[in-house]
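What follows is a set of notes on a single structure, which appears directly below.
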Amino acid sequence: MDIHEYQAKERFALAGIPVPPGRIATTADEAEAIANEYGCAVMVKAQVHSGGRGKAGGVKYCNDASEAREHASNILGMDINGLTVEKVLVTPAEDIETEAYVGVLIDRKNQAATFMVSPDGGMDIEEVAASTPDRIRKLSVDPRYGLLPHQALWLANFLYDDPALIKQASKVVAQLYDSFVNSGASMTEINPLITTPDGEVKAIDAKMTIDGNELFRRPDVAGMRDLAAEPASETKAREAGLSYVKLDGNVGCCVNGAGLAMATMDLVKYYGGEPANFLDIGGSSNPDKVVSALEIITSDPNVKAILFNIFGGITRCDDVANGIVEATKRIDIEPPIVIRLTGTNEDLGLQILEEAGFSAYTSMDDVVEKAVELAKG
Amino acid sequence: MSIFIDNDTRLVVQGITGRDGSFHTGQMMEYGTQVVAGVTPGKGGQIFEGPNGETVPIFNAMDEAVAQTGANTSVVYVPPAFASDAILEAVDSGVSLVVAITEGVPVLDMARAHAFAGDRGVRILGPNCPGLLSPGKSKVGILPAQIVTEGPIGVVSRSGTLTYEAVFQLTSVGLGQTTCVGIGGDPLIGTNFIDCLEAFEADPETAAVVMIGEIGGTDEQEAAAYVQANMSKPVVGFIAGQTAPPGRQMGHAGAIISGSAGTAEEKMKAFQDNGIAVAQRPADIVGLIQDTLA
Amino acid sequence: MDIHEYQAKERFALAGIPVPPGRIATTADEAEAIANEYGCAVMVKAQVHSGGRGKAGGVKYCNDASEAREHASNILGMDINGLTVEKVLVTPAEDIETEAYVGVLIDRKNQAATFMVSPDGGMDIEEVAASTPDRIRKLSVDPRYGLLPHQALWLANFLYDDPALIKQASKVVAQLYDSFVNSGASMTEINPLITTPDGEVKAIDAKMTIDGNELFRRPDVAGMRDLAAEPASETKAREAGLSYVKLDGNVGCCVNGAGLAMATMDLVKYYGGEPANFLDIGGSSNPDKVVSALEIITSDPNVKAILFNIFGGITRCDDVANGIVEATKRIDIEPPIVIRLTGTNEDLGLQILEEAGFSAYTSMDDVVEKAVELAKG
Amino acid sequence: MSIFIDNDTRLVVQGITGRDGSFHTGQMMEYGTQVVAGVTPGKGGQIFEGPNGETVPIFNAMDEAVAQTGANTSVVYVPPAFASDAILEAVDSGVSLVVAITEGVPVLDMARAHAFAGDRGVRILGPNCPGLLSPGKSKVGILPAQIVTEGPIGVVSRSGTLTYEAVFQLTSVGLGQTTCVGIGGDPLIGTNFIDCLEAFEADPETAAVVMIGEIGGTDEQEAAAYVQANMSKPVVGFIAGQTAPPGRQMGHAGAIISGSAGTAEEKMKAFQDNGIAVAQRPADIVGLIQDTLA
């Protein structure tokens, strides 16, 4: 789960990391009022779950409140990588002397939270890693010991030469680790971590992604989910216990299992179509889940054909077939539906589907080809 | 032969009294797995009844279960909030393999659990995996028994139903399996492709291996290099997620392209560069395997 | 540093361990008033840093407030193993169904905090360990992982059969570990951990010893030191940075180094004397420290002779000699002083001492023999 | 020969700019120890000046000190609040021996530090110890150089000045030492009697060992059993604290009789039972050593 910059800064502040003050505005009036209160130059920053906000024009320097009003008015409602800006953060502009990068993520190879720091902040860290890998220092945190003081210092030593800055930065590094762990994060970064002309170290931008598996035990973090910042269909899918990702194509996919769902999307593409979504309904034959899945898929006006790809394993095919039939009775569906059903009790399942008037297949390739053809209509 | 589990596998089921635990215990017993104990704290002394009336004793704790039944393998069906505790308990109990089926375990919990298992030399499979099945010998987890048959192919996969798909196709043409292993879709897993490839290479009955990967991470790339450097047996590969957008989690917590890293393209290239035949569609796997065995 | 039962219970309560309520009385009136408020049978318990309070008559069951008054009156001022009772804890008497033991201490061999639990509570755990070792279960906590839930359960499983009690006890075990760590303890125990007829698990007695090295970072715990509960001489020694333990003999000992100080005491005994104290002045030649040491030693009326045993190592003997001479000029000392000084610049040091009129020796045996002889008078 | 330190010891001093650190660095350099670096965070780039005008570079961190000077041993004079952090840093830096002089380190900090060192195979000596001295070769810590001389006796002790006492007496009669080791008076120490006995047994120049223990714990008892089972060289023992009352800490955090365990009597008996000659008084040590060598 992504959280906004201002929320990540709240998490940082809880851990003691120095972040500038800031407030959220949802209208240009509010932005102007906040800037007036600060009474200094401010930044107006789009709050969306997307990188590249700056390049998209979503981050602006404002000399005064009227400029803040103007920029906020432009940014609010702006589309950034398909997401509409609903909120801006208004925060005093800082004098920047240097910009560094400090990030933590879960490293699969070392099986541990891993720091990446660079004195070259303010740019995409992947680019730094690709072009000047010697400008990055990495450290995996042994989960048995946590981040040790000398390790925090070792990272800070890579960023600065001045002992006073090193001391502040090593504190920030340790606090960032605490924030990472206590937020149940899978990724967090400060980019840039700045120094000011009077020698202060501050986090002026913040990113954090939460491990969805942590939410059950972190109600405070779970409460940070911004439903306005994600498509309604994904909210609905999550609430129904489905994994769903909206895409741009016109073949709606409904599959049991994440790997099979991806392979199905790939096969749609292979046969010249474009998948409209990723959707994993899991191992259940429960008609309610199928109903939710169909409602979500059909809420996408692009969808021209719906493709079920179900592998009956522990769940028997006849159960799954009954679930699908039952679900499609409950709602009206316009696009044509084709169903592939195979595995345990396959014949029985196919019979149930065909009796209910569905095009039923046993081969994944056949059903995908058919769905692509129908979508091209 | 087979890898990781066989006729000597003596299984304890953690969370045996739960909905999933009890259902799959029945399925495993039906298949012939030696389920020797169950564990549910507070239900020690009760009995689990198998599908054919066999009884399995339930214990309060893993140490008792292992001490009293000689179990050497555990399978975890405990809900996510308690799953890593159950895994640590299993690692500490003396079994040599812990199969963690549970989906939704916090990744930092698993970082600790993997370190703990590493300290003790215990293998964890998973979490968020379907388990493994050595046809004709033992089934640990949730893989459907109907689709497998004995034979010379090793199957290792990050996915569940996609594996069933591949295994079903192999079985349909008479290509049986030594062991089918689902290593799980989480970012931090206890047993990776290389562990399985190494075991298949060492298993005299395995003639060829099917390796099914997906987007996210670099496990497949490292496995490909391993195959090139260390394997004499042919490997056929498939990668799911060519059409997955970057930055979005595709069901599995681990199935996510980070920036430009972990794409299907890069993994398929790594396979090709290291002598692994790549199936473009799941339906091509069988043909490629038949070619390698021809 | 030892803390009182009521203080240990405060630490337990902070960690969530169920402890009965209780209040401290320093007079019989107060004890009566507290018992009246509880309005039930109470226990009156001497608060002193000593085991065996019960055997000494320092713990009494009281049916009502007037009995509480009577017992408190007897217990307050009582001498328990050389310590005067200044405070009593008044606490509602509990119905006891079973008594168990749960303790944690630092195990030197395993280099870790180590639990010891037994279903046989209410008795000295050393006796249980000696007579029925199979009634004790031990567990060392790996400092890299802390106490794991299944380990807490494993310990609790040894105490009870009833799942409800096991669940409560495993929580108490985990909480006790937290309390141990967060108090900077070197030892803590609940003896007994009781169960009540209605199935509750409670800590009705509590012991805790704090690692003195932890106090600098735990001001809340450091504030629990009860100066009234230790001899004034030990308070003074601690404040002066000296290690001092009062004993019953008449040969005052002032030594640099703990090992040498013990060996000196042993040698006093070897030559038929009795040491009056253990005192380590450390490696300093600072006259202030020597003055404090002499003030502390002479505050003990039993002391009939004072023995210095100083090994000049890194510190030169002449510096040490000057420090002693300077210090003895500042205060009047009645008992005779004999000094052994050896090591670096020994000759110079001895000369300084003899010129100042002291009996100076180079052999440890000689000076101890002389001191014992002088103490016998 | 000698144990743990010798002419190849390249020392880095942690806390070199502190009062104790700077004083003892001078003393060690005076003795001939190769002090190759100092570490004080924030003072990197400065220079420590030795007693004879030699200079020692100061670094901000251990990894830099080790990388740039090839140091293989560290000594810690850092105050207790930061001592365990400094020890962990040293353990992580690539040195093989960390000598922790600091007194007053919280015992739970040391439990973690010892586990960390154990994971990495690095030896910690101490904490709360005087260090060690191999006469004629190297001195690491605070042992006074004036009292030692080269020779065939190994000395290992939990105490500081009591060791000086014993060493001084040995030196007085011409019995020099291979190495004198103070293992420290804390409850949790990194190097114990057995580690030293093992090293002395393996050291061809050591002919006999003096082992000085004190009340508290069971290190001496275990060492005694070790001597009986594994040592060919004679060992003379002394135990301080026969008159110490139970339950009171005698200066050293580890010098405390718990209940009825850890008494001088029990330790002396263990020595006697295992063929170790026990000195009743410090003054008897020399005679007993002379007997063993006769």
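Labels for the chains are A, B, C and D, by order of writing; each one numbers its residues from 1.
Basically, contacts are C-beta pairs under 8 Å (C-beta built on N, C-alpha and C of every residue); 3 or more make two chains touch, one makes a residue touch a chain.
Everything numeric in this text was worked out from a predicted model, so none of it was measured.
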| item | value |
| --- | --- |
| Length of the line joining the C-alpha centres of chain A and chain C, rounded to whole Å | 57 |
| Whole-Å gap separating chain C and chain D, where each centre is the average of the chain's CA atoms | 28 |
| Junction residues of chain B, two or more chains touched | 112 |
| Per-residue overlap in chain C, given as positions that touch at least 2 other chains | 144-145 |
| Graph class of chain-chain contacts, one of line, ring, star, complete, other | other |
| Interchain contacts, given as pairs of chains that touch | A-B, A-C, A-D, B-C, C-D |
| In the complex, chain B residues that touch chain A | 24, 27, 80-81, 104-108, 110-112, 114-115, 142-144, 146-147, 157-165, 168, 185, 187-188, 212, 214-215, 217-219, 222, 238, 240-245, 248-255, 259-261, 264, 280-283 |
| Chain B-touching residues of chain A, taken from the complex the two chains share | 106, 108-109, 111-113, 126, 142-144, 181, 184, 186, 211-214, 216-217, 243, 245, 247, 255-263, 265-270, 275, 278, 280, 311-314, 342-344, 363-365 |
| Chain B partner contacts - residues on chain C that touch it in the complex | 145, 148-151, 153-154, 157, 163, 166-167 |
| Footprint of chain A on chain C - complex, ascending | 144-145 |
| Interfacial residue positions of chain B with respect to chain C in the complex | 41-44, 60-64, 82, 85-86, 88-89, 92, 112, 116 |
